[in-house]
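So that you can tell them apart, the chains are marked A, B, C and D in the order they are listed, and the count of residues begins at 1 in each.
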Amino acid sequence: MGYCTHEPIDVERLLAAVADGERGGTVAFVGSVRGGAEDGPVAAIDYSGYEEMLTEEFDRIIVEARERWPDVAFAAQHRLGRIPLGEPSIAIVAAAPHRSEAFEACRQVIEEAKRRLPVWKKELFEDGGTRWRER
Amino acid sequence: MGYCTHEPIDVERLLAAVADGERGGTVAFVGSVRGGAEDGPVAAIDYSGYEEMLTEEFDRIIVEARERWPDVAFAAQHRLGRIPLGEPSIAIVAAAPHRSEAFEACRQVIEEAKRRLPVWKKELFEDGGTRWRER
Amino acid sequence: MHTGDELAPTAGTITIECRFFARYAEALGRDVLPLELPQPATVADAVRELRSASPLADVLPERPLAAVNREHAPLEGRLAHGDELAFLPPLAGG
Amino acid sequence: MHTGDELAPTAGTITIECRFFARYAEALGRDVLPLELPQPATVADAVRELRSASPLADVLPERPLAAVNREHAPLEGRLAHGDELAFLPPLAGG
């Protein structure tokens, strides 16, 4: 399962990828497309990425997290392309023997992903207009 | 959707219950049945609860969390009955406009749930033996 | 809860419904027990009364976790006629 | 990455592949541009060279976010022949 997908993210499948009988606590972060632009109602967001780097950088982020939390299993995906409002654009799953590690590890991975993944958002307004959304 | 279920927990359905275009950050905690008993291999755990109180207490926990984080939407379920190793026994979902609130709110609800929900676990060993598991 | 005509108190007493769960219910062989107590009565009074005879003396600790009407209650919690008093073994949920 | 025979350098120079994304690519009307630089060269040297002529002067900031061979790189980062130098508009992932 690659880090990068152009299909809807299947969170259940990510959860299944890390499930086992020894890791009792799993934390998932799911980031979804939000409206809230000033210029009008957003219908969807077009996510574009530097895909080769996205995959490598996501892997580096998870390798770093695994160094810090060796007992934690991770699964993660970023969706690219046109994503309708309310649908997930990113999901991070961390499964650990104890829940505090799962919370911390999941949090670190999403913070690093937001900071480092080469992804850009273009808002698609209902009236047909577009705008790059930069945080 | 009640807080209490005797069927497998459908995390995707809990995520869908809190999804909307304004809450971009959703955190889910999923607690699964772990092995790790000293007395032999655990095949499953039989979860029993004081169901009427479980429902009321879960509701109080979430009302308290909603007072602290008014913008956060919650969904939660505890499964009872015989649960095989590795399957979810509890899931808490918190969706917020910003992810730090979603992490904090989800964490508070699982901590309170672990501390307050009237639920008990009986380990079912592969050799047919049983034992109450108390933390 | 002050309903329950079937639990009509004698003068100066209340009748409550005690419930037992998990390890307590298993050891006791039952999960419900009506209990009559002189007024005023607390959770601690109910525990003392129950522990005055076996097999409950062996099952119920001196300071068990308790809930009154489906809400966690301290040992000093006051009981009313018709209350549901539940004794909870150490919780292990989640 | 020191492959890429198609980018054979002239004496004392290196050739790199510049890549542009999102807003940069849109404003520029293209997403790839080969660039020859005198050795030794840094990311900052490439930025200066690119910004010396429009339309890139209007598109690329003086201190853009950059990646060399698919890894975030500082402006002082050294470039080698055949490197892939990507210019990244402010990130907005997740």
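The rule we apply is simple: a contact is a pair of C-beta atoms (placed from the backbone, for glycine too) under 8 Å apart; a residue touches a chain by one contact, two chains touch by 3 or more.
Quantities reported herein were computed from a predicted structural model and do not represent experimental measurements.
When you average the Cα atoms of each chain and compare centres, the chain farthest from chain A turns out to be C.
Our note on geometry: chain B versus chain C, Cα centroid distance of 27 Å, whole angstroms.
Centre to centre, using the average C-alpha position, chain B and chain D are separated by 50 Å.
Centre to centre, using the average C-alpha position, chain C and chain D are separated by 76 Å. Shared interface positions of chain B, defined as residues touching 2 or more other chains, are 31, 110.
The list of touching chain pairs reads A-B, A-D, B-C.
Interface residues of chain C, counted against chain B in their complex, comprise 19, 21-23, 67, 70-72, 86, 88-94. Of all residues in chain B, those touching chain C in their complex are 31, 47-50, 52-54, 56-57, 60, 78, 89-90, 110, 113-122, 132-135.
Within the complex, the chain B residues that touch chain A are 11-12, 15, 19-36, 85-86, 97, 99, 102-103, 106-107, 110.
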